[in-house]
Structures are given as structure tokens and as C-alpha cells.
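One structure, as C-alpha cells, below. Some questions next.
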Amino acid sequence: MSHPKSCEIEVRVRYAECDPMGYLHHSKYFEYFEMGRTELLRLAGIRYRDLEARGVLFPVAKLECRFRRPAHYDDVLRVVTRITRQTRARIDHEYKLYRDDTLICEATSTLACVNREGQLIPIPDELMPDNEN
Amino acid sequence: MSHPKSCEIEVRVRYAECDPMGYLHHSKYFEYFEMGRTELLRLAGIRYRDLEARGVLFPVAKLECRFRRPAHYDDVLRVVTRITRQTRARIDHEYKLYRDDTLICEATSTLACVNREGQLIPIPDELMPDNEN
Amino acid sequence: MSHPKSCEIEVRVRYAECDPMGYLHHSKYFEYFEMGRTELLRLAGIRYRDLEARGVLFPVAKLECRFRRPAHYDDVLRVVTRITRQTRARIDHEYKLYRDDTLICEATSTLACVNREGQLIPIPDELMPDNEN
Amino acid sequence: MSHPKSCEIEVRVRYAECDPMGYLHHSKYFEYFEMGRTELLRLAGIRYRDLEARGVLFPVAKLECRFRRPAHYDDVLRVVTRITRQTRARIDHEYKLYRDDTLICEATSTLACVNREGQLIPIPDELMPDNEN
């Protein structure tokens, strides 16, 4: 199966995710990015829940995020998730969040790959990009 | 070791827990009650994390909650947690939440006891109240 | 515009919403119910964000919830939200949460209606059920 | 009043904050950093809730975070928050999170200062470091 490099999902901002400023709280963006990663994986025919059941876990090792504009309750946001680099040891993603054509937020993350005991393991074959096979 | 029947903890309301009304979001109260249960157990010399490591889990089966007054960011709340009934199959708790002497919220919960596979199991001996030993 | 009495939405359980048991944490269900209320209102042509901008707020006064079965990460759940009673002073909702045909959870809530200062106000006309007009 | 440049708080990890890996979810760290900022301000005799009531808001403009070691349910973590740079337009913080002497996480943030309408405003005098007065 081919490995798409990017995907786009829509998320409607929940009331409980917004703070007294009326803004989507900055900590909640990282849940949206995680949803983006889950759906990007699903496009490749892989369910993260199955990986986890096999003891293949992807903790976040590094995050960077620039908040350009606030988002508000009931906004419908587009989360564009893209893999920018992948080795046997790590996967780097880039995220862009839009409301219509307005860029709300840009971010990057680095994931490691570990087993149930938290030890680093090589990323399994079926997750490696096509040009590596 | 004796089993205290109630405990009191203080929690300061976080900014991220408050919603656009400026109120502590109603879903967050249940995290405070869970903290109350953890500390009540600790008073009896038991860590919930150790129970869980042994495969003894306490999922919530039932909740009831009456929100009397709003709580706000930076409020210091007192959570009073009390066991009202306990059998081999369930533990019932009651919660009262105060800001100074103002009652903010009253709630009750029922916990079941299950193993890692989600099957009901008897509550272990060391968790049973003294008058049962 | 007619006022639908119930609506159904789908929610996919997020990783960040699940706890160390692997279960959707019990506090998170209340976010799903809130999403149900928002969408039920939208079916009637009303956006809760507009009500709030006018100073019409609906804090939760009472909740009851029975957790029948655990839900897990990546599950797609159906939230069925229904108004069971409405007066000038309160709105009662009922919720049922399903994974396929399995009932996961049943709940009820009572909402009050307040202004920005937290004072009780009558529920506005356009929110009253058709048979009251 | 003098302006302390750093502060240290303790936070016990909540069950609801941990994910199916059993780790403190990466999005939750940002709530802890926000608590650190609130307490650092309090040490200077300022309550963020009062600033907000006056229409002085500090949205997060930028975050960077490196997760060194996982944290778990019931861990007691020390959050060390330090101001590294401050101008009339922004405040930069640095965070270090420890469990005993183990470094769990390092992070930085940049806050902007806006009014209720979201427009940039100069940071008020009483928040400026002593050497600027």
C-alpha cells in the first residue's frame, strides 16, 4: 500500500476546549495534531491502535508551535498534517491549522519509537516510506 | 492500618480548566473528585498506582453531580471526599466542593472493580473497611 | 423554524482522552454531550456562540451518568441527544452513547439560563419548543 | 515590590492527564507551565485574574518543548519557571520539569500582550522588571 505524505482533517472547536479569553486553549492544539497523525496513518492502511496493541508506541520527543491567530468556540478548523522526514528512529511532522484561508497556527513535532518498556526500537517496516523499500 | 472514611484536599483552579463563561468547566470537577479518591486511598497507606500495577482497576460506573455555584480561575477549592458505602463489588463516594464556606458542588459516584480484561473482580481485602476484618 | 427534539452525532475517541486503563476517561463524556447540545441547537437554526455573544448562557446545573461499557481510543461513538423537558427556566436533556449497537453510556442533564452576571433569566422565545408559541 | 525571576511549584500528575501508554500526555505539560507562570506572577504580588479583569491578556505566541523522560500518574513533579527576556511587547519564559533530580522536560514560551479585542498593547508598568523602573 502506498504511503500518503500528508492529509487534511476538519475539527470543530469544542466549548470545553476554550478558555476565559474565549480562545481555543494553546494546549488543545496538540490534540488536533495527534488526530492528524492518526488519520494520516489510517490513509496508509494502518491503525495506531493496532500498533500500540503490538507494543509499538510513538511518544512525542519534541514540539514547536507558533500561534498566529486565535481560534474560537465553534470554529471549523482544517488541520493539514505532513511528514517532513522519517528515519528508522524518528518521524518528523509539520502541521498547519487554517480557518477558511486564514493560517491560525504552524507547528512541528518529532516522534520517537519505543516498546512497552519505554526502550527505543526501530520503526517497523510497514511504516517506512515507499522509497525505502 | 486504619481506613479513614473521608479526606479533604485543596485544588487551585487552572486557567486551562475554565471555559468562555469564565467558569470551571463542569467536566473538570470529575478530575478533582478522582484526586480526592486517590488521596483518601493514600491516607489508608495504599497507592492507586500500585493497585493498577497489580491489575486491580476501579472504573466509574455511575456519577451524579449538582452544580450549586460557579467556580472561577485561580479559586482555591476544598474537595471533601467520603466513602458512604462499600461492599465486595463496589465503592460509593460522596463529594462536596467548597470555596471558603460556600458550597460549590455536591456529587456522588459508584466505582466497580475490574481486572485488566475488564472483568468484575472482588475488591481486595486490604481495601475493605476495618469493621469487615 | 421547527425545533427538532433530538439529534445524533458521531465522535471518534481521541488518544489524549483515554486514560491508563485504555478507557475513554469518564470526565470526557461530558464534552461529547455538550457537542450533542450544540448540534441539536444548530438543527434549530441557532448557534450557541451567538446566544453567548448576546449574554444568554446555559450553565449545567445537574448531571447524572451511568457508564455501561468502556469506550476506547479510535472508537467511533454515536451520541444521541434528546430534549426531555423544557420550561422558561430550564432545559433537560437525555444522552445515549453507542458503539455500533452497544450502549456505552446513558446520561441526563439540566441546564439553567443565566446572564453574564450569572443571574437567572428566562429562556429566550426562539429557544422555546414550537407547541409553546 | 521586587520581581522574582523564577519560581518552583510542585504538581502531582492526575490520572485523567495520563494516556494509554501510562504517560502524562504531552499536551498536559503546557497546563503545568501556565500554572508556573501564574505562581511566578503571584510572587510579584500580581494576580493574573486581576490583569484579565482589567483587559490585559497574555496569549501564548510560541512554544518549544523537549520531552526527555516520561512522567507517570501520581508522580510529583517540580516545575521551575524562569523569565529569560522581557520587553514592552513580549515575555519569554523557560521551564524545566523534574521528578526528584531527573529532568523530565525542557521548554520555552513567548507571550504577547493584548486587550479584550485581541489587539497588541504594551505590557503594563507594574509587570516590567525592576531594572526598567
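Labels for the chains are A, B, C and D, by order of writing; each one numbers its residues from 1.
Simple rule for what comes next: a contact is a pair of C-beta atoms (placed from the backbone, for glycine too) under 8 Å apart; a residue touches a chain by one contact, two chains touch by 3 or more.
Note that this is a predicted model, so its numbers are computed, not measured.
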Pick out whichever of the two, C-D or A-D, is joined by more C-beta pairs in contact. A-D
Report the chain whose mean Cα position is at the greatest distance from that of chain B. A
Chain centre separation (chain C, chain D; CA means) in Å: 33
Centroid from C-alpha atoms only, then distance chain A to chain D, rounded to Å. What do you get? 24
Mind pulling the residue numbers of chain B that touch at least two other chains? 15-16, 20, 27, 30-31, 34, 52, 73
Please name which positions on chain A make contact with chain D in the complex. 20-21, 23, 26-28, 30-31, 34, 52, 57, 59-67, 70, 118
Under the stated contact criterion, what part of chain B meets chain A in this complex? 15-16, 18-20, 22, 25, 27, 73
Enumerate the contact residues on chain A facing chain C in the complex. 12, 14-16, 30-31, 34-35, 38, 47-49, 52, 72-74
